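So that you can tell them apart, the chains are marked A, B and C in the order they are listed, and the count of residues begins at 1 in each.
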Amino acid sequence: MRVLVDHFDVFAGGLWLTFQLCLLSAIGALLLGTVAAVMRISPIPPMRWVGAAYVTVFRNCPLTIVFFFAAFGLPALGSNGDFLRIPGLTTIFSRLGVDIPYFRFAIIALSVYTGAFVCEAIRSGINAVPAGQAEAARAIGLTFTQNLRFVVLPQAWKAAIVPLGSVIIAMIKNSALAGFFGLVGELSNSGVNLTSALGEPIIPVFIGVSIGFLIMTVPLGLLIDHVERRRAVAR
Amino acid sequence: MVTVLLLGAGAYYLVYRPLDEQGQFSMELWGPLIDPGNEVFSLVWARLRDGFVATFIAAALAIVSSLVFGTGLAVLRIQLKSLNKRRFTGLIAPLAVALRGLSWLLTIVSRLFVEIFRGLPVVITIFFVASALPELGVDLGDILWYLVIGLTLYNMVVIGEILRSGMEGLPGGQREAAEAMGLSPFQTTRMILLPQAFRIMLPALISQLVVVLKDTSLGFIISYEEVLRVSGQIIQALPEPNPIQVYAVVGVIYIAVNYALSKLAEYTQRRLARGRKTAGLPPEKPPAAITAEAETALN
Amino acid sequence: MRIARLTAIAAVAVLSLGVAACGGDDGDDSGSTGGGTEGKSFAAGSTMERLNKAQKIIVGTKFDQPGFGLKGLDGKPAGFDVEIAKIIADELGVPEGNIEYIETPSAVREEKIEKGEADIVVATYTINDKRKERIDFAGPYYVAGQNILVKADDSSITGPDSFKAGDKKVCSVQGSTPAANIEKSLANKAEQLVLFDVYTKCIDALNSGQVNAVTTDNVILLGFIARNEGKFKLAGENFTEEPYGIGVKKGDTAFRTFINDTLEKAYSDGRYEKAWKDTAGKFDDQVPTGPAVNRY
């Protein structure tokens, strides 16, 4: 167990980096997912096709392949993900601004992949909104966007919050893969490095890494359980 | 119409042009994959086939063992729940206390097991199963088994929770009726609750198969030769390394297989819904959180 | 030292003459030793005798190391390490087709030897004292060294010290010794280091400009230079020494000596040179002189 104390900075640093990655990716995924969900219910057929194709592709593709294309396909397209160097954000999340782009690539991969699941979660929320709501809104002359903004989405969010929570938990766990695509110092990668490069004993390192992830996933899971149970009672 | 044009133009300028300029569409890179006349075409596809076979074997073993152990876990947790309500009044005091203590302990352990393996990245579970088991003196020989164990630890928990919530979501009358007929709690679970839970949860279970299939790709971490690792070897062995092309082809195959599976899940869901309607039962929907988890779990 | 080695070679030469005499003429073609199989005799109870009787040997090697051990499109590993293993098998009287290859990534090499799952491990396996606590090494049969690969037109990087300023980015492989070595020269890990699971990914990153350099053992880098004509070069001299050895079970001194003898024999009769030219020599046409084996 000494390794946990000796290398505390490694675990703490890894947790912090993983947390940053998850936070930024969650924001990205929620934005992308919402846009995709709106596209999927939009009145314009090509928009619906694009939304559906996006969801189909990313729900059925292993994340490893998505990561690969973010880390090696984007450079082939001539992009280093520089659009993510948002002024202001880079001062808080210093990794966002460094020259090495794999933190940005990881955010892109996780956002795009998770966005497909977010889209489905929101769509299930939208389906839970009684059809009469949207019809009534249309009847009083609201446009599609107004209808979405004031009537459908606010209610859909509420119904979608539990599945969205599960999606985000899954995403936190998925972030472990970033360490195998160039991001140095992330939690799982740090653990693997401690055992295979420095020869530290495996089980204590495993416990350290596990604690790091469980700190993020378990409270979120309990929160969702709580919300779900309160809902069930309210119903 | 405008959107179609916009999309087309965007794809052309942002994707096609830069790729073309780098020669990513050259036959040297695509030939081994799409040109049957290419001298290594059959070798490449023979390796890819082996890779996919290895992927399917690992996925099949993992889903079967997850089902078996997941069912066991669900039954255990349901039994423990009813056991915890019992007071063991017929028994002498120390024995009753011991039994109650034991059932509490088991409850806590099983709950911890669920929370831990549900909350851990599968890639970490696999990596540490493969490195910790040999350290503890358990040697399974083939890497395949470490991958199967790693995948099972996660998926049995998810499937277990799917089944458990399925059983708990059944109308209370089912259990009461079974008990009124004189069935023991275990008989009730086995003969009444579990079969119904399986039926309700079948679509979610098929979706879980998609998850397992995708998760198998994490075997690369312990150098199990599934299709993505084989792809990596092919790329290195070709005179002109073509990662983008190989991964694109493998990705498309993955998407096709998983898409077919998720269509199957939708189909069973529809069939079940119809069956239930004719039977005059209220349509039971699995709790949203559980199905979403089943569908979104690690890649 | 020199004299000791010469006498050793002489002794092996005499010994091998004796063996060759039994097997008839196996002078020039190492593949035709099938007939010599029965002719070989080894001390009773030795590992050599066991392998010869079983007519089978299990070799641990890398499956992802271009030039040394890389699984080809035919599903069989190929490379310098594999050729060395074939020479040893041949000396044991085990036909080439009866060699079974298992993959031994860096992390499991000692374990596979200890458990007897591999009879020998030839897998770009650097000899060091920590490893000698668990297994024994024959060889070395090659001395590699860590070096740095840069783009051909880049003169700003000359060695590990070039990373101290903090503006150059370098790529290596996770959990590897080269990665640990270069880390010591970095000013800021987060801004300078990239790690992948295989070197080809590093090469892609160097190609598209995400990193300025790739570091690992020189032979691996030479492989990439050869494959991408004129694109890359080495930045300077090797800055470490990595003697590659052959791992055998701890305490099996007779087997270790046998392999050492075999290596020395291969150095002198041209099989070593041929093995090099057929594999890693495609990247580095300078045939290495077989390093003196270490009979500790």
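As a working rule, a residue touches a chain if its C-beta (ideal position, glycine included) is under 8 Å from a C-beta of that chain, and two chains touch if they have at least 3 such contacts.
Computed from a predicted structure; not experimentally measured.
The central chain here, found by comparing per-chain C-alpha centres with the mean of all protein C-alpha atoms, is B. Among the chain pairings, A-B comes first (most C-beta pairs in contact). With respect to subunit A, maximal separation of chain centres occurs for C (centres as means of Cα atoms). Spacing of subunit A relative to subunit C, judged by their CA centroids, is 43 angstrom. Separating the centre of subunit B from that of subunit C, both taken as means of CA atoms, is a distance of 40 Å.
Centre-to-centre separation between subunit A and subunit B, using Cα means, comes to 19 Å. Multi-chain contact residues of subunit C, defined as those touching 2 or more other chains: 107, 197, 204. The residues of subunit A that reach two or more other chains are 72, 76, 180, 192, 195, listed in rising order.
In subunit B, the residues touching two or more other chains are 131, 220, 243. For subunit C in complex with subunit B, the residues that touch the partner chain are 63-64, 66, 70-75, 103, 105, 107-108, 111, 115, 117, 197-198, 200, 204, 227.
Subunit B makes touch with subunit A in their complex at residues 3-4, 7, 14-15, 18-19, 22, 24, 115-116, 118-124, 127-128, 131-132, 135, 210, 214-215, 217-218, 220-221, 228, 243-244, 247, 250-251, 254-259, 262, 287-289, 291-293, 295-299. In the complex of the two chains, the subunit A residues touching subunit C come out as 71-72, 75-76, 80, 94-95, 98-102, 180-182, 184-185, 189, 192-193, 195-199. Residue ranges on subunit C touching subunit A, taken from their complex, read 106-107, 130, 169, 171, 174-177, 179-180, 189-197, 201, 204-205, 208-211.
The part of subunit A that touches subunit B in the complex is made up of residues 44, 46-47, 50, 56-57, 59-66, 68-69, 72-73, 76-78, 113-114, 117, 120-121, 124, 159, 162-167, 169-171, 173-177, 180, 188, 191-192, 195, 202-203, 206, 209-210, 213-214, 217-218, 221, 224-225, 228.
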